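Below you'll find the structures, each written out as structure tokens.
Next, two complexes with chain A in common: one pairs it with chain B, the other with chain C.
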Partner chain A sequence: MSTTTRRIVAGVSGLAATSFLASCAKDAPQDTWQPKGSNAKIIDDLQQPVFAIAGVVGVIVFCVVVYCIIKFRDRGQAMPEQTHGKPALEIGMTILPALILAGVGVFTFRTVFDLSKTSDTQMVVNVTGQQWWWEYDYPAQPELGITAPIITSGQMVIPVGTKVLLRETSRDVIHSYWIPALNGKRDAVPGRVHTLRLDADKPGIYAGQCTEFCGLSHANMRMETVALSKEDFAAWVANQLADAKSPAENTLAKEGEAVFLNQCVRCHQVNGLKKADGSPAIAAPDENVWSGAAPNLTHLMSRNTFAGASWDLLNKKCRANVWGASSETVGKKYLAGVSEECLNQTDLRRWLRNAPAMKPMYADPTQLSSTNGKYRGMPNLGLSEDDIDKLVAYLSTLK
Partner chain B sequence: MFTPGSKFFLGLTGFSLAVCVLYIALVDNATGGAVALLSIATASGVVAGLSLFNRDGEVAVGDTAAPASAEQLTASMWPLIATVGFVGVVAGLITHPIVFFLGLIALLAAGTEWLVQSWSEGASSDKVYNASLRGRMLHPLEFPILATVGLGVIIISFSRVMLAVSKDAGAIIFIVVGSAVLFAGAIFALKPSLKKTLVVGICVASAVGVAASGIAAASNGLRDDLVKAKKEHHFSHKECGEEESEHFDHLAEGTISMRSNPIATIELRDGKLTARELGVDKVTQTITFPRSNDATIIFRNKDEREARLTAYLGTKAVQDGVVEEVLNCTQMIGIDHEQALTFKIAKPSMASEKPYTLTVPGLEGQSIEIMVP
Partner chain C sequence: MAIIERPATAGGVEIAPPATPSRAQGGFKRPVATTGWKSWLFTVDHKKLGIMYGVMAMFFFIVGGIEAVLIRLQLAAPEGKVLSASVYNQMFTMHATTMVFLFVMPMAAAFANYFIPLQIGARDVAFPRMNAFGFWCVLGGGIFINLSWFLGGAADGGWFMYAPNSGPIFSPSHGVDFWTLGLQITGIASLTGAINLIVTVLNMRAPGMSLMKMPVFTWLQLVVQFLLLFAVPVITVALFLLSFQRNFGATFFDVSAGADPLLWQHLFWIFGHPEVYILILPSFGIISEVLPVFSKKPLFGYPFVVFSGAAIGFVGWGVWAHHMFASGLGPVSVAVFSISTMAIAIPTGVKIVNWTLTLWGGKLRFTAAMHFAVGLIVLFTIGGLSGVTHSVAPSDTQQTDTYYIVAHFHYVLFGGAVFGLFSGFYYWWPKMFGKTLNEKLGKANFWLMVIGMNMTFGPMHILGLQGQPRRMYQWTEARAGEGFFNLAFWNQIASIGSLILVVGVLLFLINVVKTARSKELAPLDPWDSRTLEWMTSSPPKEHNFDVIPTVHHLDEFFHRKYQQDPVTHEYKQIATAEEILADQEAHADKHIHMPSPSYWPIVLAATLPIITTGVIYSIPVAIVGGIFLVLAMFGWALEPSTAPETDFDPPAAGESTKELAPLV
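And now, the complex of A and B:
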């Protein structure tokens, strides 16, 4: 074997080995080959054989091409005898791929119809995408203990073993919802409602990512689905149905509430928050934000992430404790929320200090003419360090 | 030294620069126009340079006299059309934009045709070769454009006729014209020996007939019910008060996109109002929408009388201290008919003193509550 050939073989082998090893990553929460719910299993049951068939066909084609390149390369030999067509071979080469594709097509159609079934829905969640976060609202479903609508964002919580129907839409541009471990992806389109089913076999936290390019911070539009046991889910629902409690007088958190009322309530709703005159403080994101919505923060510290699930509210140690928990213990650990000692103060303070510096957004107040003065994303509010201290103290109370 | 082509483009360059200077001097905020004129000057300057460099496409020009045997150049209609176009452009500036654009199109078309024709006629002393050269340059542009314009004229003319006559007459005309086209096509296909001039004559006469009918129909105007429907905004008009509209485009509501999209279907049957949400196989009296998002519902009337659905969407301040209810309604829906209703609620339910509801006026005790978290 010549030196050149050896180098080519070594290069190709190295590339193949790297690709192979890359597919064996241990910490790959968005791995499409590890289904954790019945819908994802339906897809997996289709993609495994299709991938195998495609792989075999691909290898055969590749080998034939390589064989032809080497065997029939130009060595200055005479032109071989030219023949026009080989009907038997041509018919065979047409029929065989057609049969393979027809076979794949039958099973693909069956899978598509299986995935679109909604008649056995046990729970409904409205999922609304906007630049660059996901909102989840749960309609009242008394049979599940949801006696009044619940609203949250970033992390969607579902009970295990329950067929959940997502009704997806968007407030601005097209987004796409994808939790690879639980199902395929589905576009969220403004003005339309698309359905997607999810269910999880075991308690756990399943990560996802917006898969339709949706603007500047598309890469920072993440989402997580948290599957809890039915008992844990009931506890989560009970907590979400409650209004936020006002902090005790003469505390830093109470001062933070005043800052929140002065600055944040223009866009962010906290259910139960009252103005100085005792009337409910109603956020008006429709007047300030291009999409018309901002995350409801009533139970901010009951979720583990913020800013479109792109940053953790838990510090590294506590996050590892929750995400690394077994399916038996993850529910309890998740429901514990974000305690004072677990709060990732660094990122939260950075966010409050200058949000657009962390997450690129069209939030420059001097460049809002195309959106009639409305922000896309959270602007830099110019808060003082004193205000940030107070706000962090207040937000920490929103369990 | 200068070839005819380069003279033309150099002249255009100089003229553009002169106009640009005048434009900047006379017009305020002249950036856009000046950039356009400078672009023309630059482009024509480059073309002039190319023209000089290749001596107008390697054709013997300038100081080389045409051979005595050379055939006379063909008469050209393009200068005349260019003049008409120029007049149209100038007239359009003070009359109507459409005149300006038609003049501009004529001017550009005449300029292009004239330029290529002049160039091709000087390509060689062989008239046939020159004509084929012109064809190679212009036919790929001429044929698609003329076909598009011709088809456009026929389609627009025919549509004017259909909009002017009654629905019954429209159906008859459609059948007659369709049959005539089919019959003529069959004859042309079965009799390939027909004279080409006869076929062309029939086609041209038919096209002229359709165009003339279209012009006559357009000048006559739309039929009465379409005029009335247009005044009523029949695609979107929905009333909450006394029914005044006579026309509504029910087919627009029946499109697949609209019907595949509703978040809920509201049904009136036996005096009872019920809702069925998307993806949930049971009836309910409460539906939930995300705030600040367009939501579409379908109202289906299965009752024994006409009915309309009224959505109460809270209140809004119209003046200082004056608020009024925000209502959105379907039209009066006949028995076994349905209509879509799209609305957006910006504030959550907790912001409204009264719950957001869907009701049917005159039907007591029946309502669907809209929850907005």
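And now, the complex of A and C:
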């Protein structure tokens, strides 16, 4: 769009009531009118004039109706002319909106195809939805430093200014991946792979939410996309590629590892975790969970949310520090992960105590006949407070 | 069973008079009660059925309204605790299902049933027993769906019921079964009703009423019936597939068996989008009657309104995938459906222009009916324009499944469809019940609903653009923001608005009770109306018109009351409604044949919920229901077309009254 058109549009939208919304919006993490990436930007460029036109048309209709109400009220005037219409006027009023819409249509057409391009992709992430969390699988892309596949969940980390292509699918019902600041939404449909372009102009944490109704805990299926500078991204990749280290002997964390091996590893993988006999502990979520997957926890504390990105791993103060950071500092703060003093003990303990009480899930063993006894979500593990202490200590080491 | 209003005089072919049996065939005699509950239960009178549709729809409006208020209470604050996640999901599913299938559609059917025959100068619909059958199906289906609340939980997949979330694995309760099978039953009613009304409108118009002299309400209802006729079979197929998947182990939407869940979306929205026009066009029709009457002018551009209505009816079939812009269709489909969706805005805009120009230069009387009609123009325009913003597919990918969409379609459906229906209540109440609804209460009703609706749904534009998705049982402060547009504030406003809406609707109910108790009768032609339904007594006699009117004009009744002075071109009153009615009564047709009541519609309709219950719980029950169904069909088929003379009390004496008087 040329600068002149832009100016005209900007002037018109000044009149439109709708533009009021854009100018004042503050701090809503999922605001759809504050694009932070090129894809969201071209959507915004397209929609702002449309909102403005719609606003103007609305105001005109409103004014004409109000004028009629005032002007033509029954004041005892004579019976009005029994006019049946003026075809020329009506044909005009048919053609005029048709022309406006044709104009909008041309720009829409172009944008639709721009947004569906995949040929300029610089990085790929496979994104899989399941009830009620997102898994990200980064295939090996050595040119980006990803020398081996990375699997993570909840928060997707991408380098800034890089055209990332998400390849979405689902393991159960339909979900939809949506980071409003970066692009519109795209459904993740089981049995299909859909693509979605994402890129971010600046480092930051961009919030999103599953937007296709996906059952019981649809409201608790959130996600974030974290954009890091290229250097920070390289550091993140290096950390993700490493295995988890076993805690030192005779620590609470070490006891927690035993609890983890006893309980959690049935579903949750921690790369590098070894059983007591030294063989690798391999999670078998497909035996216990309908979707056949559970979040990989190897680097749990490198993310700052958990349980479908619905709860914070950071306590309030630390969260504000990281999420409110400027684009220059956010990368370093994010990479610092969740330290012991920053850990949101309350919610993590609540989760370990009774997960389905916190986030509704199909976890009652008596109600699983439709899934042959497999859970949808995480069951209540009935852990003792003692075990929870140990587990929290262990989980804190998963940086 | 059908009364043929116009014996074919063309070509001088003699038509045999309807058979008059001397005794009842089949199992039963035909019921003949004209008063008491039996006269309602077994009636085939389109007016009684219209009222019954109306009462039922109003009941479900209240049910759906309670569901809506519970939803708003849950969302009034972050981490709402009023409803559990499971109950919330059932609540929004049933709110939409109830409002769409059990309120707006039956209420539109109520008006269609009552007023189409009157507006076209007919004495009943073409198939009166089928009409009754349709009503009992909707009622049966509606009750059946709602029974699920008490039998393990209602459907929880959203009214769009996307696969595979609606399948037996992901929705293990019987809720979706009740929903699917119940909608099948109401779908039967939609189909029989559509065929009935199409045949009625095409064949039973008063002499002289060419299609382009037909009242706009009837026109737009005709378009709706065609939409129903072609849309309902699609959802029927989809529902059958879902039922077979849930109840008989089929795998139509089972991905692991090679299915594609998008099949359901296409089937649902090929029905679902025309459905939107099924919901709104009747209200367009109502205000296209109301605006001219209270502007004392004919509808501006009648042919444009009619043809734009028909155009909406056609183009409405080519826009369904705009509900699926985010579902991964691919750019070509998205672009095409985006353009076609913009195209449908044009005929809709034509209507807004015509209504506004109907007001222009008129002599506007602001009755309650007129308030609602003008309210519709403004509110629907807002909904229409927000609709245009998401016809732009890329911006729709930001807006879809957020509260912005909820705002959009509530402006269209509440500000549009519901306001139109309320306009119809106030306008036609004196015709239906002979008493005028209290105007003062009516206007208070209007203003409360306007304020309530704008407070409830207006903020949802903000909520949606601020990124609050739909169908979440809770929202969280973490995503609420802080500025002027923070979600907490606007969610609260919306919840308060919904309570104001409740008061508005309550006021209407109070008005109804008050009016029913009032002794004051309405004048024969309280609004100085223009169309045929006002050319008879209020409420109309069972046979509607003493003489079938011969139509010479669009707005026939107006032209019987007023005549243009050939010199001054001014319209002068030449007759009052009372005089016209008296003239009719003086020349009443001697032999008016009306269809007799029947047991079979309700009996046949009652077998359907038995079958569906059986499908869910026990197949033998379904088989028993099926046997009853076949028996009832035989009973229906063998029933004589009219009751024998001797069944009436007192028996009709002397001359045969079964023959329709030939028209002059």
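Just so it is clear, the second predicted complex is superposed on the first by the 363 of 399 C-alpha atoms of A that agree within 3 Å, B and C clash if a C-alpha of one lies under 4 Å from a C-alpha of the other, contacts with A are read in each partner's own complex, and residues count from 1 in each chain.
As a working rule, a contact is a pair of C-beta atoms (placed from the backbone, for glycine too) under 8 Å apart; a residue touches a chain by one contact, two chains touch by 3 or more.
In this text, all values refer to a predicted model and were calculated from it rather than measured experimentally.
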item: Clash or fit, chain B versus chain C on superposed chain A; value: clash
item: Of chain C and chain B, partner touching more chain A residues; value: C
item: Chain B versus chain C as contact partner of A:I174, first or second or both or neither; value: second
item: Touching partner for A:I146 - first (chain B), second (chain C), both, neither; value: neither
item: Chain B versus chain C as contact partner of A:V104, first or second or both or neither; value: second
item: Partner chain(s) touched by A:R192 [first = chain B, second = chain C, both, neither]; value: both
item: Partner chain(s) touched by A:I43 [first = chain B, second = chain C, both, neither]; value: second
item: Touched partner set for A:D312, first chain B, second chain C, both or neither; value: second
item: Chain B versus chain C as contact partner of A:S370, first or second or both or neither; value: second
item: Partner chain in contact with A:L297 - chain B first, chain C second, else both or neither; value: neither
item: Which superposed partner A:A78 touches (first chain B, second chain C, both, neither); value: second
item: Segment of chain C intruding into chain B (one of 74-82, 452-460 or 632-640); value: 632-640
item: Chain A positions touched by chain B in one structure and by chain C in the second; value: 190-192
item: Chain B partner contacts - residues on chain A that touch it in the complex; value: 118-119, 121, 124, 126, 128, 135, 137-140, 148-151, 165, 167, 169, 171, 190-193, 195, 269, 271, 280, 282, 284-286, 291-293, 296
item: Chain A residues touching chain C - in the complex, by the definition given at the top; value: 21, 24-33, 40, 42-43, 46-47, 50-51, 54-55, 57-58, 61-62, 64-65, 68-69, 72-74, 77-87, 89-90, 93-94, 97-98, 101, 104-105, 108-109, 111-113, 115-116, 168, 172-174, 176, 178, 180, 183-187, 189-192, 194, 207, 209-220, 222, 290, 310, 312, 360, 367, 369-371, 376
item: Touching residues (chain side chain B, partner chain A) in the complex; value: 257, 260-263, 277-281, 286-294, 296, 346-351, 371-373
item: Sites on chain C touched by chain A in the complex; value: 84-86, 89, 156-158, 162, 164-165, 168-172, 255, 258-262, 295-298, 300-304, 326-328, 330-331, 334-335, 338-339, 342-343, 345-346, 349-350, 352-354, 356-357, 359-366, 374, 377-378, 381-382, 385-386, 388-389, 392-402, 461-462, 464-476, 478-487, 562, 564, 570-571
